[in-house]
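What follows is a single structure, written as structure tokens, with notes after it.
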Amino acid sequence: MPAEERRRREALYRHGGAAWPVGAQAWRAAAAEVLARNHFDWIEGGAGEEWTLEANREAFKRWRLRPRMLAGNSSRDLGVDVLGTRCPAPFMLAPIGGQTVVHPEGELATARAAAAAEIPMVVSTAASHRVEDVAGALGDAPRWYQLYWVSDQDVTQSFLRRAVSVGCEAIVLTIDSPRLGWRDRDLRNAYNPHLEGHGIGQYTSDPVFRSRLARPPEEDERAAGAAMVKMFPNASLTWNHLAWLREQTRLPLLVKGVLTAEDARLARDTGMDGGIVSNHGARQLDGEVAALDALPEVRDELGPDATILVDSGIRRGTDIVKALALGADAVLVGRPYLYGLAVGGDAGVAQVLRALAEEVDLALGLVGAHGATSVDRSFVTEAPR
Amino acid sequence: MPAEERRRREALYRHGGAAWPVGAQAWRAAAAEVLARNHFDWIEGGAGEEWTLEANREAFKRWRLRPRMLAGNSSRDLGVDVLGTRCPAPFMLAPIGGQTVVHPEGELATARAAAAAEIPMVVSTAASHRVEDVAGALGDAPRWYQLYWVSDQDVTQSFLRRAVSVGCEAIVLTIDSPRLGWRDRDLRNAYNPHLEGHGIGQYTSDPVFRSRLARPPEEDERAAGAAMVKMFPNASLTWNHLAWLREQTRLPLLVKGVLTAEDARLARDTGMDGGIVSNHGARQLDGEVAALDALPEVRDELGPDATILVDSGIRRGTDIVKALALGADAVLVGRPYLYGLAVGGDAGVAQVLRALAEEVDLALGLVGAHGATSVDRSFVTEAPR
Amino acid sequence: MPAEERRRREALYRHGGAAWPVGAQAWRAAAAEVLARNHFDWIEGGAGEEWTLEANREAFKRWRLRPRMLAGNSSRDLGVDVLGTRCPAPFMLAPIGGQTVVHPEGELATARAAAAAEIPMVVSTAASHRVEDVAGALGDAPRWYQLYWVSDQDVTQSFLRRAVSVGCEAIVLTIDSPRLGWRDRDLRNAYNPHLEGHGIGQYTSDPVFRSRLARPPEEDERAAGAAMVKMFPNASLTWNHLAWLREQTRLPLLVKGVLTAEDARLARDTGMDGGIVSNHGARQLDGEVAALDALPEVRDELGPDATILVDSGIRRGTDIVKALALGADAVLVGRPYLYGLAVGGDAGVAQVLRALAEEVDLALGLVGAHGATSVDRSFVTEAPR
Amino acid sequence: MPAEERRRREALYRHGGAAWPVGAQAWRAAAAEVLARNHFDWIEGGAGEEWTLEANREAFKRWRLRPRMLAGNSSRDLGVDVLGTRCPAPFMLAPIGGQTVVHPEGELATARAAAAAEIPMVVSTAASHRVEDVAGALGDAPRWYQLYWVSDQDVTQSFLRRAVSVGCEAIVLTIDSPRLGWRDRDLRNAYNPHLEGHGIGQYTSDPVFRSRLARPPEEDERAAGAAMVKMFPNASLTWNHLAWLREQTRLPLLVKGVLTAEDARLARDTGMDGGIVSNHGARQLDGEVAALDALPEVRDELGPDATILVDSGIRRGTDIVKALALGADAVLVGRPYLYGLAVGGDAGVAQVLRALAEEVDLALGLVGAHGATSVDRSFVTEAPR
């Protein structure tokens, strides 16, 4: 859709001239309309045959709620506290890089909406905007930082320092991406997200990263992208390396990408403060297990006191309640807010977050729970057969 | 379809110029043709992604009949007695409000058809017509009353008194709707059923409800609707409150919306006379269990002597026989008769009820049962895998 | 398709101007082309929602073959002996009435093809043609008789005598049809098979049946049809009545329509010589179990020596091999030969039977069996999940 | 597509004027475009209803990967050693005959691509080209020979000698094809692959085979085809005959077509060096088990030291990793390289092989494995339900 027409449509939504979409699928359809196909494919697509993309949703469909009536839950406490960070509803904004390909204002628009709702945002290392700018847009709102541990450790350390200096309250180390996944759609589109939109601002603004370049990124965007692509893969990392990370900061550390009891145990044994059960929105390894299906295994391994989040496949409030019932302390929401961003900028993100919180509240109400922390496994059952 | 054309088509059906649809899907298609889309969506739609809507049907499909031959059942007793109310076939008309959006004559047409067939009708608190008028249309036929326990207890009490005074033989308290479910279709259509058709006649005719309004509803329909919407949610209710209800009437009391053994036990322990296993036709909490899947759990919890009904997902006579086999004493039929009402007014409802009774009779005949009360769990098995 | 065009097409097939269809679905498509929709619906349709129609096929799909290689089975004995009747391949022609609606020559064409292949035909009580004429077309080929035990026992007895007198070698009593099933398609088409094609020749040729009519059927076809429809339902029959049948003939007696271990036991205890596991091609009670799914239960109940056949859902040679593996001594094939009859008259039936025998032979060859009687349960396994 | 247009398109791909397809389905679609329908059907189709064709893919979908993070696997050894043959990645090229119907250069193009990638090729007895010519195109690259043990044992022996003389390192005896499967598509197309393309060069070049013909195949192609078709079926073979084969050569012997523990045991007991779990790409016996589903059973029967390969249904790198996890030492890839051959000749095959190796490498990387031999059953789990 031409930029002009797109702006006109966004304005219509903002000023009440058009009703916001209802439900994640309608949001997705609306996003598909405004975005160029290659950009939409980039946010929507999964790895390979997209079997895991499909499995992520099927898992939520397979688990069913067992509601209790007359629970006397006229007021419900949606809030959760995750490692000291207060969430007004049991979800945060998942770390997603390069959001300027979705909307010209990218992470800044997302941050404004998150701040207005006081919903914590996990800022991505791959952001189009500098973390300092995103932090500015967040104001006083809570924020976490998602870290890619690139093979140039000084750059990694620099990212970490900057995150701390802008008040990030926890560090989320992504461990499922030693290399980028094989995404058929992007390969077909010859899509290089790093060269789209405003590029990789968090990298190109980093003093250590810049020191690695022959010329400033402003003068040679391609070389900067290449440098980033070169240092991104870091398959030599092992659990033993986490001791170094542990020394760098007192902030809570979480690992994102835990899909087995084996890794859950390793995360605990290496001193991590929490784990995020995730398959990276099905964008890394096609054919791997659905995130929700891995959640009970991870919770069972770590026990009731561990901090466990989940993402990948969450679209509706009822999904969130199911995740809570299966052992999540909170969830990360990803694509839904990207759809909102595509369709309506910060106002779109705000609407998505608002509807999602309302859906969670209503689902808790109807399932008979008094709050986000009072949903246990007795509230779900697997579909027969 | 324009009203004129719709009347012409209904007349054709009535006078034999067109054959009635055969099978629930054909009825639904015919209803979809005559109704405006927003009205059709309102009766057809489920909550959220409509996963539970789909699950309700799948559950019936998953259970399969094990027929016995040469049973010598040349005459079959279709009738059941439910808490003293005689049903000529093992089903009643489920409580559905606002039927004037389906057909101008609404509940009155439904009542005439129910009366002609002597099939008990459960009149809804949300009816477009006053219960006194519906009762008049029912003549001597049996009737039950579905109660929404609104937060204004005096209004609730008034509803109850009126129900008793028009001869309702049992009270069905709906417990699955402390708030209205999240229905994507209606939200998209910005659909307010209370302002459609003849409105909420049962409320606006109620003396206590009227006393709460600044102006009579005839003068300010919107304010009346708002008052209704305001008092509808009543999430503060608990099982303990049922003692009050128990004191108000000697009529049999049933709770509608039981989906777990836990709630079944609570219903029994609070002195309820029966339970209706229901997910409100999948209109309340998307992702919850299919009603039929909850039925064996509830029956197992309460034992063979408890009175248990089921609704949600019933479309054909074989569905009813499966429900009986899984432990229901009788079922409530909802959407099927709405389709009939849409297509042919009272004659359409009558045809739907007639066909359904015939289907039940034939299914009992072919399954080798001597009557509605002689079908036990040995008559069903789950589909392999 | 107009009769002229249809004849032209049939001639093309017969004289090699067009290749016969390959595979049951292609045959069905070809039959759908030549038949009027209401006739095609009559042969193709199942009861109700056609869930059992679908289940019949799914059951064959769910069971998978476990082939053994290098079995040294260069020649395979396809033949089976069923209660003294020799079958050159492990299947017979299922009893199907009213075949003149499928092709003008009806059962006579079918019989000629069966005779040429020496495949036993089970002649139906509801045949368009007199059993004497069908027997004539069969020549010396083996035949069984399918009996509907109508409520006028003298007529039943007359049918039986006629069957014996034309050399039928066994009697198959259909026990799953105390009344006709509820078939949506036929109800929509207001289809009365008894008044289509050449009508119900086996009835109208019966002296006892004729004696019940006020006027000969040649003069009042409708009255004859009505008399047949009136005496058809016979739900008063019980297993105890089988003693009478047992006394009438020394021929082997089989009951067709056994779907449970309970009924299998009753059949054995009442002296039946064999049972046919069948749901009447899914035409009687929708939602009942798939025939193939009932087969192991029946075989387990009756032990290895009992005579057990199966029908309902068989379309390919591999289906037949799976049925043998799950305990059938032979199978009845229905719709496939009707498709052949529709498309090519006796030549079409012959082609269907020939291809099916070839498929069975090839499947036995590839599965590593030396013959139809050497396939046991180790040759199948259920699909995972 | 006309040959001229097809050559133009191939040239475009070769010279970078068009991007190669990404993912097996895109390759298949591209192949379907360039090939005549009957040729495409021949390579794509399965036996009968194609239920096993579907089951082969479903099995890969059902098994899900359980990845381990931070495995420190920055370099991965993709290679495997199979009975002395080095594979740079854990796959070989499956034996496929008659490749000139896919591309004019047929097996020669395939061989050049295999040689360039040093990926072992299993040359088929049914090849369009003489094994001597294929061997020439392979240069020094590793090769195996797939043997059809035809009923004329002298011909079989001649094939074997020729294979040995051109340096084949192992013999793969196909045991699942005592006769050709029933393939609906080919029967409908009246397709005779032996008379298409360059015909059956491996046969027609064989001195012993030629000695069986009245006239040289160059003069009477049909008679040569008929002679081949006549000697092809060899259902009299048993496991006992393998002793003769064992005596003929010291090369490793594998049997291809093992689908049960029973046959696995027989293969071991008859001195075979390895087994290939395969259902012939679902082209032989429809309705049989998926190859991947048979793999764990075969591995469990033979223990960890046996040499076991698998084919049938492999399309992506993740499929290969799953096969390794379930017990395969390596896999054979079939249709994927045929798609490449159809679309781009040797360059197309090379691209398919390159992408597949990259996919395997990436999948091993993301699953946390250090190489092809370090993936065990703990890396997979079946999808719930």
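Should a chain be cited, it is by its letter among A, B, C and D, assigned in written order, with residues numbered from 1 in that chain.
Note that in this section contacts are C-beta pairs under 8 Å (C-beta built on N, C-alpha and C of every residue); 3 or more make two chains touch, one makes a residue touch a chain.
All of these numbers come straight from a predicted model, not from anything done at the bench.
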Superposition of subunit B upon subunit C: rotation angle, C-alpha, nearest 5 degrees: 90
Averaged-CA centre spacing for the pair subunit D and subunit A, given as whole angstrom: 42
Chain centre separation (subunit A, subunit C; CA means) in Å: 60
Two or more partner chains touched - positions in subunit A: 383, 385
Pairwise touch network: line, ring, star, complete, or other: ring
Set of all touching chain pairs, with the criterion as stated earlier: A-B, A-D, B-C, C-D
Subunit A residues touching subunit B - in the complex, by the definition given at the top: 19, 22-23, 25-26, 60-61, 63-74, 316-319, 322, 358-359, 362-363, 365-367, 378, 381, 383-385
Complex contact set, residues of subunit B against subunit A: 48-49, 51-52, 55, 59, 62, 175-176, 178-179, 181-182, 184, 187-188, 190, 233-239, 241-242, 255, 257-260, 262-263, 266, 284-290, 293, 382-383, 385
